[in-house]
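Letters A, B, C and D mark the chains in the order given here, with residues in each chain numbered from 1 onward.
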Amino acid sequence: MIHVGIIGALGYTGKELIHYLSRHPVVRIYKLWDNAVDKKGARIDSIFPEFKNIVNTKVEHFNKKDLDVVDVVFLALPHTVSMKIAPSILDKVSLLIDLSADYRFKSHKSYQKWYKADHLDKKNLKKAVYGLPEINRSEIKGAKLIANPGCYPTSMILGLYPLAKEGLLDNAQVIVDSKTGTSGAGRKAATGLIFSELNGNLRPYKINKHQHMPEVTAFFKDELNKSVDLSFVPQLIPINRGIISMIYTVFKNKKKKDLYGLYKKYYSKEPFIRISKKGEVTELKDVAFTNFCDLSYLDFINDNTFLIISCIDNLGKGAASQAVQNMNIALGFDEKEGLI
Amino acid sequence: MIHVGIIGALGYTGKELIHYLSRHPVVRIYKLWDNAVDKKGARIDSIFPEFKNIVNTKVEHFNKKDLDVVDVVFLALPHTVSMKIAPSILDKVSLLIDLSADYRFKSHKSYQKWYKADHLDKKNLKKAVYGLPEINRSEIKGAKLIANPGCYPTSMILGLYPLAKEGLLDNAQVIVDSKTGTSGAGRKAATGLIFSELNGNLRPYKINKHQHMPEVTAFFKDELNKSVDLSFVPQLIPINRGIISMIYTVFKNKKKKDLYGLYKKYYSKEPFIRISKKGEVTELKDVAFTNFCDLSYLDFINDNTFLIISCIDNLGKGAASQAVQNMNIALGFDEKEGLI
Amino acid sequence: MIHVGIIGALGYTGKELIHYLSRHPVVRIYKLWDNAVDKKGARIDSIFPEFKNIVNTKVEHFNKKDLDVVDVVFLALPHTVSMKIAPSILDKVSLLIDLSADYRFKSHKSYQKWYKADHLDKKNLKKAVYGLPEINRSEIKGAKLIANPGCYPTSMILGLYPLAKEGLLDNAQVIVDSKTGTSGAGRKAATGLIFSELNGNLRPYKINKHQHMPEVTAFFKDELNKSVDLSFVPQLIPINRGIISMIYTVFKNKKKKDLYGLYKKYYSKEPFIRISKKGEVTELKDVAFTNFCDLSYLDFINDNTFLIISCIDNLGKGAASQAVQNMNIALGFDEKEGLI
Amino acid sequence: MIHVGIIGALGYTGKELIHYLSRHPVVRIYKLWDNAVDKKGARIDSIFPEFKNIVNTKVEHFNKKDLDVVDVVFLALPHTVSMKIAPSILDKVSLLIDLSADYRFKSHKSYQKWYKADHLDKKNLKKAVYGLPEINRSEIKGAKLIANPGCYPTSMILGLYPLAKEGLLDNAQVIVDSKTGTSGAGRKAATGLIFSELNGNLRPYKINKHQHMPEVTAFFKDELNKSVDLSFVPQLIPINRGIISMIYTVFKNKKKKDLYGLYKKYYSKEPFIRISKKGEVTELKDVAFTNFCDLSYLDFINDNTFLIISCIDNLGKGAASQAVQNMNIALGFDEKEGLI
């Protein structure tokens, strides 16, 4: 049995990690830490009654000494907080998976630009592996520090990778129209997030200003040395979970050749990527509560514009279940363990 | 033209008042006050874009001098705040309608018990008229200070009044199972109110501890000198607006006589009460965005239990539109003006 | 008083017409027809209890003789049905407004292609005025037969018109990513439309195959003699009402000049078009239950791609309230009567 | 490995069975039957894409010969259909679990009264075991024909059983105010079930006329020889799944003794019943997608009225997961297998 601990257990990502890890056959949830509880701590199932009769681990303030008893740590912390604590954890555990953005950029300058903070752990930043298994599986095997990708970037990168890798994005322009469920905004008090404001509504926000946009362009730069001309239009819709990205790739010239085959070539053996028939679509609900990424349509909508529809669960493949997939790979388990 | 001002314009109740008053033919929204804006103020349609091309009044900090130019003031303030400001307004305007709970109790002791605050304006407390037009219409005519009823109490009192008035509640027990839309909880940042927590959910809360329960019993005591044995189980459901109260009246003895006729007798001439056929039900959506109270079923569900289903829009008949109805009556306008 | 009749009163569009017309100061809803009721008819408020105490007109089977008593007829019928009945009505009334697609195309061949039916009233097809007031106001004045625009087309045409008119779409490519509320699919029994299938979901459908796409291109061809290279990706989202179209205009060449001013020039005097500040966005909820079209962002998202966000209520500006606006103009009333 | 087959695989209950059985470690989904597919059949994951990469069994028309290869059959058929097919299946398999109402009544007369159909299999009706494990566990062990309880009855019976068993309902009156998610109404085309009709709505229906009411009273009669005076007020709310029943037990006399302990006594060892602290409540979302029944409040709300709040997932503990729990018990597996 592997002993895991989660720092930041009380946010939506932490909670979703508990959900997946509690049903993982070789994992024991050993420690849950969150400074939001009071000093004496409280059982997780008293805070989230949905876990009654399933998990009863106590949630405590983080204490470095506790690291002696865990093998794997998940950081479900806000951006800029993870990097403060990660270095001291890395020495003590076999595997650290950070679900914040702190280790996703190779360049500390890009990080600084978008997160408005100096990077405090440049040494480990270089060593971190970007945990997108379908692309980085070999680097993830045996990795010690994994930067778990953002939710929007997971949907975008998986959708665009075959095109980028084949050089097809070099002279193309990419417009991503993404809709996300509200859990993507986190479990926090904010007037703009209350039910009365979002039900019956759709809200565009941070157009071309969202921090997940540079995560995508940096990825293609770092991994493939490719520049991608990307525009990003995120939108909140009144559902709890799920991201659907309509990825419009506008090629400079007419390019009606069949690109559908590419997707089959790259992904047909992937356990967590599902390709629809050409021209068919899937619905967002089909990926809810799963680790799947559904790619559909995959056809031209006019002479030079190719449409990829990419669906994930923002808390699943976009966060917690992908972190478990990464853990499975890093530690040599069956990649699907605890996930299907 | 009547000039009106609203203090507390930026909550849901204030916003709904603006909505109704902006379409009222003899009203001009002259002043909007809310201390949540910064000192120089801001146009209401820049804060709530839904009012663009409809209302462009500036929202400002309250200033007593502004009272010189308005005839009617609505207080859409939190409980315990209204009573601090009301006395100084009363001298200056023709009509003051308070939508908080501050003037709803005749007894300052009951108020103190449930709102955990001394009443600071006992003098006016006695003079205030409880603004439930279907019951207090004659007192409302010409009133100067109107305490606009709470949302749950409106649904309950209108449902129970015929029984209470006829003495039928004297030995009965009343259980009210009420479900409210989320706007009832106000426009405020709270983790428990965010979309992700309420969508797909139903949450019971404050069982027998809700401050609207004593508002109902105090009303029957004060108006009819009747004690009502009331239990109250409020619940939040994932809709924006509306309250539906299932009112179960358990009589001590078998009492199968027809009570349906009572409702017809009391309410058939009321413009804003709609009685369904006996045994038929109405749905919550039918009252959304209206000033109606729909009463339905009105039949026994067993030998001694009578069921009244009472539906209102919590922001409409439960708050803003009822306040406008009260204004219409107090000032001698057609009661339906601006409301149908 | 104008006497109006509605054929097809029991669909969502018919119901919304009743809602708007019931509050119109110079209109009396005189006749409601729908063959879905049984032969002896039924009061509208017994079918839709929300109309109790507001409208009690009887819904009957259509009978041509009834036309003698009405001045204006609205056809809220399915496509291909309107054209069968319209010719016989036109002779008898002052104004006929058809809310189906039957009179929207100038070319009966385009109609036939997209609606899979011969056009049965080619004579009147040529005379019909496309009822988009902000563009065709002068033709609408005094018109006898008005083809009320489709919901998606209203959102698209109003968004694109300034660009098209100025010749800016001549070498551009337009991609429209539209999301609609479920009432757009009508009030009909279909497994795909039940709550359990749509709640928590987003469903793309009819990509580049939706009949509203040629309505837009035909409009620009007929009115401006312009060809628009249009791709259309409609999506169902779990809200009751509203359409938000993200309109991406990709220019062949870099074109960073300010196009925002164009929108101000074309629309600043329009009572029902609201332009946000450049780069700002509006939310879908702000147009619900209104006749407004909110245009926002209106800026480039990269060197050569201009984004227009266009929001309407699909049952309001996209159907019923726009029909009332058209009636107001055609008959010489204040254009805003009954609408604000 | 146990080979299972499902008849009626394409309704919500069938689909949910597939979901649970696909993750059951000792089960193989061997046959899926549904006459809604065409004659040549179709893979389940082409009909429900959510099952891609998880289950790819073909859905076929039922053929008795296929029974030779399965050990367990689940009937997810409409009422009155199950009893026609069950007798011929019983001979061929080890276990038959019927999720319809056909074998839930001991008395064929009660069945006939409420389902308006003669019972066609009276012989097996007597042998069937009512599959509520927390009460009938010993009978379920080794049973061959299990009648899986209805969703509302599961929530009601589990809530009331300790009181009934102790004789406390003998002179009491029970009022159940239940709210259900829309999946309870099934996956069928009906205007009343479409999103536009239910979103933003609450609809009471079949008050005291719902067929699940006599299922509860018959259970207490048959099992405990107790008559329960029950009134039942079911309501549809706009959520996908879940039932919350507010069970008001009105005792004839004041009875303030502590009944909370009873619930602890009866259920504290049950893996799928979770008791809250006295006076505390749980929320509906906590049981979604689970086999739990959460019982909460469990206290008096006035001198003689005891409130039990009972929550289940109507498709889980109210149907499919309870059927799996029954299978586990009947076949001697760990009761929790595949369920937590």
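By our rule, a contact is a pair of C-beta atoms (placed from the backbone, for glycine too) under 8 Å apart; a residue touches a chain by one contact, two chains touch by 3 or more.
From a predicted model like this one, the values you see are computed outputs, not experimental measurements.
Colleague: Applying the document's contact definition, name the chain pair with more C-beta pairs in contact, B-D or A-D.
Modeller: B-D
Colleague: So, comparing C-alpha centroids, which chain is the farthest one from chain D?
Modeller: When every chain centre is compared against chain D, the largest gap points to C.
Colleague: Report, in whole Å, the distance between the mean C-alpha point of chain A and the mean C-alpha point of chain B.
Modeller: 46
Colleague: Taking each chain's centre as the mean of its CA atoms, how far is chain A from chain D in angstrom?
Modeller: 37
Colleague: Measure off the straight-line distance from the CA centroid of chain B to the CA centroid of chain D, and report it in whole Å.
Modeller: 40
Colleague: Could you list which residues of chain D touch at least two other chains?
Modeller: In chain D, 197, 199-200, 238-240, 283, 285 touch at least two other chains.
Colleague: List the residues on chain D that touch chain B in their complex, please.
Modeller: 173, 175, 177, 179, 197, 199-205, 207-208, 229, 231, 233, 237-242, 244, 246, 248, 250, 281, 283-285, 288, 297, 301-302, 304-305, 307, 309
Colleague: Within their complex, state which residues of chain C touch chain B.
Modeller: 23, 48-50, 52-54, 200, 271-272, 274, 276, 282-283, 285-287, 289-290, 292, 294, 340
Colleague: Using the touch definition up top, name the residues of chain B that touch chain A in the complex.
Modeller: Residues 12, 181-183, 185, 187-191, 193-200, 238-240.
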